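Please find the structures below.
Consider the two complexes below, in which subunit A is the common component and subunit B and subunit C are the respective partners.
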Partner chain A sequence: MKFRCEREILADALATAGRAATNRTGTLPVLSGVRLDVAGDELTVTGTDLELTIRLTVPVGGQIDGSAVVPARLVADIVKALPSGAVEMTLGDDDLAISAGRSQFSVRPLALADYPAQSEPDVEPVTLASDQVADALRQVVRAASTDDARAVLTGVLLASEDTGVKMVATDSYRLAVRDLPPTSMLETGQKVLIPGRALAELQRLLSGGHELQVRLGTREAVFEAGTTRLTTRLIEGEYPNYRNLLPPSYPNVLTVGREALLDALRRVKIVAQAQDATPVRLVLGGDTLQITAITQDVGNATEEIDASYEGSEMTVAFNPDYLAAGVEAVEGDEVLLSTIDPMKPAILRGQGHDEYLYLLMPVRVP
Partner chain B sequence: MPARHVGRPSAQRTVLHVDMDAFYVSVELRRRPELVGRPVVVGGAGGRGVVAAASYEARRYGVHSAMPSTRARRLCPDAVFLSGDHALYASVSAEVRSIFDRYSPTVEPLSLDEAFLDVSGAARLFGDGVSIGHRIRDDVRDDLGLGCSVGVAVNKFLAKLASVAAKPVARPDGIDPGPGVVAVEPGHELEFLHPLPVQRLWGVGPATLERLDRLGVRTVGDLTRLDESVLTAALGRAVGTHLRALAEGNDDRPVEPDRRMKSIGHEETYSADLHTVDECGRELVRLADAVASRLRASGQGARTLTLKVRFAGFRTITRSVTGADAVDTGPAIVSALRPLLASIDPTPGIRLLGVSSSNFAVPSTQLSLWDQLDDDAARPGPGVDRETAGAIDRIRERFGAGAIGPASSVDRRGLRVVRPGSQQWGPDDPSAR
Partner chain C sequence: MRLVIARCSVDYAGRLSAHLPEATRLVMVKADGCVAIHADGGAYKPLNWMNAPNTLVDEGNRWTVTNPKGETLTITLHEVFSDVGHELGDDPGLQKDGVEAHLQELLAASPTSIEHGLTLVRREYPTAIGPIDLVCRDAEGNVVAVEVKRRGEIDGVEQLTRYIERLHLDSSLGRVRGVFVAQSIKPQARVLAEARGFTWVEVDYDELRGLRPDDLRLF
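Our next item is the complex of A and B:
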């Protein structure tokens, strides 16, 4: 195997595929590497931890076809640090030579024979509007759990319902639901659970603005954008019935400017975070919204912003990070915060943007 | 802040150290007058108990606090042993405190039975430090039927030494009532201080004492005559400087009225070692219940919870966990500490278990979405826990701490609720309950 490639392109490819490689102990050592395959003038870089696989193809000046698995982190760090210009990689008998300008490195490869083969679902691809998907991912993936103790909650639910497709995530404390137009990707009534981590990676890949093609199998899903392909295993298990969590009606509605609310939260969080995750209290009633953080040791913060409110006066407290994440996620200039009482879930929506909601459980304070 | 010299009028304070005389015993004698004049010991009566307090009659036999109860029994076989009632002592302590509050807004309690008062500003209202000391003694005697000793000086360190000199003394031939109030007059501090044995200085433990002894230092005065470089070489700069300042009568520490509690905890030494996971789990629930009660009483929640385990061989380990919620309920404390307990093998025998809480904040609970689901209602969520806790508090307020407790704390002797402070002197004799 021998090829030349521009440093920026190669560094980017190694970093992207490397995000799927793993350094977890107890896994195959070869999974800490990325696989390089040269065929003609194409280099394919693959990283996988068996759950998630990222594979991308970049143009190179190919000289000798061949394959190798190299330590992902080490080689990515080397290439990133090389002077800009062309980088040459040459696979020898027992090492990979990396050279650029007057820099010379040799790296010991990992066992190519141990690298797992990739399986592909045999289904027709469906094309989706990548802008819309990227937008939905940005709004929903943030609510997925990162705690492996309850694996289904680390997934994002895609469910085909009568009215269209719902994208749903929850970590038990908040719940994000986004409506998408119907798609032929899912049959009516079909549900799949895609790992949130894979979708977070997909979100990064979609920044290129390419068309997105999806192939949904029974065990895995494949996303392709441009020359990058992301394959993820699906999560098995019964997703909780999120619709039961959505209250039928809300007696109290606060309308407040999104930017003003975000700015106020950012400031109050300075004090709230100084003593772990101190909750922020929202004092609802009248034509201002008061936001306070009260800590025992550090100090207090109070913000007041103009708002309109219909409902009964109350104080409701939230985890400041969860609240800010919800306000960030909604679209539009005005945010609607609907509440029942300080113990019941509250809903954030963007005014005039009914396709998305962010349900949030309060923090109970005395 | 530069060292404040004794006797400089502009900076002069008047500090009182008030120490109750045989406090726990005296409180017991108020309700057991038939025991007055007899040797009485309060403390853990069981095999591993220690003496918390001894009446002056018992002290004549050499019994003193922190002594193992078994040794106290040998020294004074006629002594009456009482297991101690921390709740009572705490409520009497609060009454004593309200007397202190008459004379100064600046009161720093050190424990249930001693406190510092800064009375610098009270001279025009109540007279000088000595007069205030006598008035406090009179009030405590008249209102509460208890005795106390008062030290008066320009700082905390000297005031505390003075109160010791004011105390009653038990001698084999009888009890000397002591002067009651001792003042170290400004300008005469060194006359008082220098003849005292050097171990009376705050910070002189056995190791330091041994080093000083090798240098020929026996009294506080000896220490001041030692060359600074010799002292520093023997004890290190920090300790040397500290002791030198004390030996010269200097102590700048202010009387701090609201020193916040840094932790709330309970630990229990068992009269028989625990050997099984089940036993330890039950004890965890009991201790957590008691700690949670006190957290709620103080209006605080704890983010950090610590489990302490002392094995039969005295090896002691502590393990902590810090969570996002500031918890104040038993179940929340148990669920945080149970994984830590599960990682400990009890088979070598566990002599002591302790649960403590720290890193306080306003109690808060992140509610869960699943609390909302009817079909999940059987699973108690944190919201339910806090309502239950409120009900427990109201029941205990009306009917006493032992009126309600975790079901796992019921055994053939009935419900065993941890009473605050009941165990600080070791376990009671189980057969005596």
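Our next item is the complex of A and C:
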């Protein structure tokens, strides 16, 4: 195997595929590597941890076809650090030579024969509008859990209903629900649970503005944007019934400017974050919204912003990060915060943007 | 356990020869016969050592340790600063995961949280290949072997398979089935468990402990 490639292109490809390679070198050490395949003037870079696979193809000046598995992190770090310009990689008998300008590196490859074979998807692809998917992922994936102890919650639910598709994620403290138009990808009533980690990667890939093709199998989902393919196993299990958490109406509704609220939260968080788990309190009532953080032994912060409020006066407290993440996720200039009481979940929506809601559990405060 | 701090030199003769010049070191003689010479640095690895079984001949300022292969470790004590012995007794072993043991204890106290109608026969049920975490009986009187893990992975299912095989050898037990229990079970482990005819159950450690978290949750 021998090829030349521009450093920027190669470094990007190695970093992208490398994100699927695993750091845990347990049963299969070869998974800490990325696979390089050169055929003609194309280089395919693949990384996998058996749950998530990222494969992408980039143009190179191919000289000798061939394949190798190389340590993902090491080779990505080397290529990133090389001077800009062309990088040449040559596979020898027992090493991979990397050279650019006057820099020379030699890296010992991993066992190619141990690298798991990648299967080709046998499901017909469905094309989706990538900007719409990217937008939905931005709003929803943030609410998915990262705690493996409840594997089901690390997934993002895609459920096809009569009215369209719902994209749902929750970590049991907050819940994000986004409506999407119907798609032939899912049959009515079909539900799939896609790992949030894979969708977070997909979100990054979609920033290129490519068309998105999706193949949904029984055990895995394959996403293709441009020359990049992301394959992920689906999560098995019963997703919690989130619908029960959404009451039909809320007696108290706060309307507040999104940017003003975000700015105030950013400032108050400085004091709240000085100690773990300090909530921010929202004092609801009248024409102003008061936001405070009281951090014992550290200090207090208070912000006041213009708002309109209909309902009974109350103070409700939230985890500042979760609240800010919700406000950030909603669309529109104004945010509606609907509450029942300080112990029941509140809903954040963008004014005039009913396609998305962010349900947030309050925090008990003395 | 005998601990000697001494200025000593050490000579090893066997597959190769090695010499530690005179310096102050800790010489450790364990109850099983293992001898290790430590410097004042490094977490665990001795400068030189000899595993049991071996014989230690203590001639005062000269110790000779010989193993069955004929290798010898000769320790010459030039000056002894401290020489103490302590009976450490049996070691309970490394408890790698307190949560797993506690989970087993909690499930033994409340087997119905695994499956309705389950009653405990014995915790740490002995078999020739090691103890089974829990052995229970279900509502129909069948024997149920339960393997408890914190994280359910394929090796846990394999372990349960071996236990079930052992239990099948005892015809007096009647029908035996397996249940794989963990806080979370990997999809591959679920597939394998189902393929082996076992059921799998995910349990909530906090709930078993009766903990009501301070944080309010949606569900």
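Convention: the second predicted complex is superposed on the first by the 362 of 366 C-alpha atoms of A that agree within 3 Å, B and C clash if a C-alpha of one lies under 4 Å from a C-alpha of the other, contacts with A are read in each partner's own complex, and residues count from 1 in each chain.
Following the convention adopted for this analysis, a residue touches a chain if its C-beta (ideal position, glycine included) is under 8 Å from a C-beta of that chain, and two chains touch if they have at least 3 such contacts.
Please read all numbers here as calculations on a predicted model, not as lab measurements.
Chemist: Contacts for A:107 in the overlay, against subunit B (first) and subunit C (second): which applies, first, second, both or neither?
Modeler: So A:107 meets neither subunit B nor subunit C here.
Chemist: Tell me which partner A:343 touches in the superposition: subunit B (first), subunit C (second), both or neither.
Modeler: Both subunit B and subunit C are touched by A:343.
Chemist: Identify the partner contact of A:235: answer first if only subunit B is touched, second if only subunit C is, both if each is, neither if none is.
Modeler: second
Chemist: With both complexes overlaid on chain A, does A:74 touch subunit B (first), subunit C (second), both or neither?
Modeler: Neither partner.
Chemist: Looking at the overlay, does A:366 come into contact with subunit B only (first), subunit C only (second), both, or neither?
Modeler: The answer is first: A:366 touches subunit B but not subunit C.
Chemist: Is A:170 in contact with subunit B, with subunit C, with both, or with neither (first, second, both, neither)?
Modeler: both
Chemist: Which partner reaches more residues of subunit A, subunit B or subunit C?
Modeler: More residues of subunit A are touched by B.
Chemist: What is the contact status of A:278 with respect to subunit B (first) and subunit C (second): first, second, both, or neither?
Modeler: first
Chemist: In the superposed arrangement, does A:260 touch subunit B (first), subunit C (second), both or neither?
Modeler: A:260 contacts neither subunit B nor subunit C.
Chemist: Looking at the overlay, does A:150 come into contact with subunit B only (first), subunit C only (second), both, or neither?
Modeler: A:150 sits against subunit C, while subunit B stays out of touch.
Chemist: What residues on subunit A does subunit C touch that subunit B touches too?
Modeler: 170, 172-175, 240, 245, 343, 345, 359, 361-364
Chemist: So in the complex, the part of subunit A that touches subunit C is made up of which residues?
Modeler: Going through subunit A, the ones touching subunit C are 148-151, 170, 172-175, 233, 235-236, 240, 242, 245, 343, 345, 359, 361-364.
Chemist: Quick one: which bits of subunit A touch subunit B in the complex? Just the residue numbers, please.
Modeler: 170, 172-175, 240, 244-245, 275-279, 294-297, 317, 319, 343-345, 359, 361-366
Chemist: Can you list the residues on subunit C that touch subunit A in the complex?
Modeler: Per the stated touch rule, the residues are 151, 183-187, 190, 214-219.
Chemist: Per the contact definition, I'd like the list of subunit B residues that touch subunit A in the complex.
Modeler: 299-300, 303, 322, 324-325, 359-374, 382-383, 386
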